[in-house]
Amino acid sequence: MGFLDALPLTVMDWLRGLLGQGLPAWGVELVVGLIKVVLILVVAILPVIVLTWLERKVLARGQDRFGPNLAGPYGLVVAFADAIKILTKEDIIPQAADRQVFRFAPALVLIPTLLVFTVVPMGRGMIAADLNVGILFAVAIGSLAVIAIIAATWSSGNKYSLLSMFRSVAQLVSYELPMAFSVLTVVLVSGGLSTVRIVEAQVIPFALVMPIAAVTYFLASLAEANRSPFDLLLGESEIVAGHNLEYSGMRFAMFYIGEYAHIFVIGALTTTLFLGGYQGPILPGYMWFLIKTMAVVYVVLWIRCTWPRMRIDQLLDFSWKLLVPLNLANLMLVALVFKLAGTGLLGSLLSLVVNVGLLVAVGTFLVRRARSSTSRRTRALVLGEV
Amino acid sequence: MSEREIHHTLTVPETLVPEDLQRNALLTSVDSVYNWARRRSMWPLTFGLACCALEMIAAGAARYDYGRLGMDIPFSSPRQSDLLIISGTITHKMAPQLIRLWNQMPEPKYSIAMGACTVSGGTFDSYAVVQGAAELIPVDIYLPGCPPRPEALIYAFTKLHEMVGQQSVKTVSWYRKEGEA
Amino acid sequence: MLGRGMLKGLWVTLQHTISSFTSGPRRFPKRYLDGPVPRPEPSTQGMLTLQYPFEKYEMWPRFRGVLVHLRDPETGQSRCTACMACVRACPHGVLTVTGEGKGRERRAKTYTYELGRCIFCRLCVESCRFDAIEMGQEYEFVSTTQDQTLNLEEMLALGDRSGIKHTGEAWGQVE
Amino acid sequence: MSHQATLDTLLTRFPEAGIERQEGLDFTIVLPSSLIVDACRTLRDDLGFDFLSNLTAVDRPDAFEVVYHLYSLSNPAPPLALKVRLADKADPRLASVTSVWEGANLQEREVYDLFGIVFEGHPKLERILLWEGFPGHPLRKDFINRIYSFEEMRATLPPETER
């Protein structure tokens, strides 16, 4: 552990010592806790500024466009323009709206996203609260975001918002399950629910040990965050603009921030669970965490740039008919492998083999079934015949 | 000719602030930041009605790309939009919806009438077509052409940006209460 | 098959992302120089975006921009004789012409062209027997009022800027 | 079933029908207005014309002429044109064929809107392209075109319409 790696901790210890000279012990803890809260807020909100710019640029570049390039060099400050403009917009509350809930819902969007950051280890020893049920906390809190969506849609008094709520809830219920299975696989192998323990257990990143669980977790968290290709919550062509249809000005900005903070959460949690967290050679831990997280975030934006939106029936089919059974099988096989071969290199290798074998088996099964099927839709979905 | 002077359509009295305070340094810089932000992040509500919609889409696509102006988030909800691009023939059947969308947009809001039909009814001297969008809503920029080129639409955007740049927080009408001058 | 198309799509967008960085400067060598940009071939790959206010395409010769007047090389004035053929040919009454003088001396006194109703059909140009008017190359016209008009002097100035010599020069009608 | 056989079947079952025009396989049949639903059902069920491509009308000096263009998606036959003449120009009425082809719904509404031909038995015979309360039917020859302002349109809207 180098000097740079431990720099934030050193600063924190120095601060703790400095405060200890004038304050009682509880006072020091209070101040340090407040500093941690502020840091988490910064870590959660700062990426939003970058991500609004990055998303527009990545989308534009993928489509051979420039993207915003007139606001500052390379359009870098376009997020500030957005912020100033959106804060000075008129704030409209529709007549049909339930005023109290309508005002409260945007605040609810951000809270679960911020809470998840408390259990994410951002560097060696850099975690706000090392809960011994950390990952359970993250999964439980992460699914609370739908409460905000329900509140926002219901209070808008708009039928399109309501339709988007139905979609969102169906989506959440179906994707919570494969997500839980993939997290369970990780917990089983690492032997603990604490996020730090999960990171420390990844001598080889779990994405290489059990790719099925990693991909499932990534896709399921895309669905939880209502990102493309699972963003049928916001189907512009059918239900105008989804849950934030009636929101304008500042309240809409909260949804906007919440959406981008959620992307960063996807990146952070995927990194923690499957990509080895802050572990990596040469560079300090927090840098590795940032690099890996931004890589995952780029994949999220890249997917947005490429894939069209799925239909609701395809979405539910994909979860219930493919992801859930696949991950159930994966969970049992991986458990068996690690029980027999131990958690060392041999176990990891065997697990990878089992994962690939499972994928091949499922693929063969699907192709065979589709070949014998007379349903045009099944053949189109699996074989690519139309 | 194409550099024709652009006029302020939002006629508001300039006497709200005393003469000696009008050159207030703080307010001027606030104005410049405020106008810059509104120029560089003007999200359009693309109200495509007829053939001009194709040129509007082309202006947003890779070759002309109005996303460069910070406009690359075309919302389908009027609540989050700043600019209404009316592109195409406004029929009487569609007119109430246009007015409704305009009323649903939050201030500050702007509108561009794109194409001959939207400017003046164009070729349709007909029972079914509204003779110009000005009959329905206040239009800030009229863009003639049948249809206008995508560059012409972006030219209209730059002129609209000039117009926005001339406005001032002191004088704009949308931060006042009802009835206030 | 089995998501192969989706992976292929990801590969395509990645290629475009990379080529947008590498091929942009190569395709537009004149990008930051003055003058109109030649229109790229339809098969051109990579970044094509025209940064409009700073660079412009050169319009093709048969482009139908706004109506312009052409100067008579001898007199330096418009050759319009106020014969009203264009006014009759116009489907929407966009043109208003008044003339003065009799016989061979008859010339247009005013020529008003209402831009907001014009649909650029070129019927007026085809009806003109005196090579007086032609569709120009200008398309950048906006206004804050509904009735935007051009008069004779403005149209003559636009004709000078477009550099057109004869009616039908680009259309293959001149013998 | 060959196209000539279709024609023969139709003429034997409906002797009142007449051939207006026949050039090779392309022919037009004129029917009395009382027979239209029966004829259409026969055409769909027995002769395989399962797709109503187009339904429109023509304002003739002496009558309104409603035209049906039928296609068969199941057998590669040329299209068939049916015509019905409505002599009563003051009150043109015709039975609706929405019970035969669902797709006739919007097209009959359009013909009602623009020609004023009332389709009896139509589930929702309202104006589709113009607003409720529009005076006249614009594709009739005696309609005089004029420009309506937005205020005029609002004034003619029935009061319960959402504005």
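First chain written, first letter: the chains are A, B, C and D, and each begins at residue 1.
One rule holds for everything that comes next: contacts are C-beta pairs under 8 Å (C-beta built on N, C-alpha and C of every residue); 3 or more make two chains touch, one makes a residue touch a chain.
Not measured: the values here are computed from a predicted model.
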A correct list of chains touching both chain C and chain D reads B
Averaging each chain's Cα atoms, the one nearest the global Cα mean turns out to be B
Whole-Å distance, C-alpha centre of chain B to that of chain C, is 24
Chain-centre distance (mean CA atoms) for chain A and chain D, in whole Å, is 56
Chain centres from averaged Cα atoms put chain A and chain B apart, in whole Å, by 37
So, in whole Å, the Cα centroid of chain B is separated from that of chain D by 43
In chain A, the residues touching two or more other chains are 63-66, 69
By the touch definition above, chain D meets two or more other chains at residues none
Going by residue number, chain B touches two or more other chains at 62, 65, 68, 121, 125
Among line, ring, star, complete and other, the chain contact graph is other
In their shared complex, chain C is touched by residues of chain A numbered 58, 61-66, 69, 302-303, 305-307, 363, 366-367, 382-384
Per the touch rule, the chain B residues reaching chain A in their complex are 33-34, 36-42, 61-62, 65, 67-70, 72-73, 75-77, 79-80, 82, 104, 106-108, 174
In the complex, the residues of chain B that touch chain C are 1-2, 4, 6-7, 9, 62-65, 68, 116, 119-123, 125, 132, 134, 139-146, 148-149, 151-152, 154-156, 158-159, 163
Touching chain B in the complex, chain D uses residues 129-131, 134, 138, 145-150, 153, 162-163
Residue set of chain A touching chain B in the complex reads 56, 59-60, 63-71, 75, 78, 80-86, 88-92, 236-237, 240-241, 244-249, 252
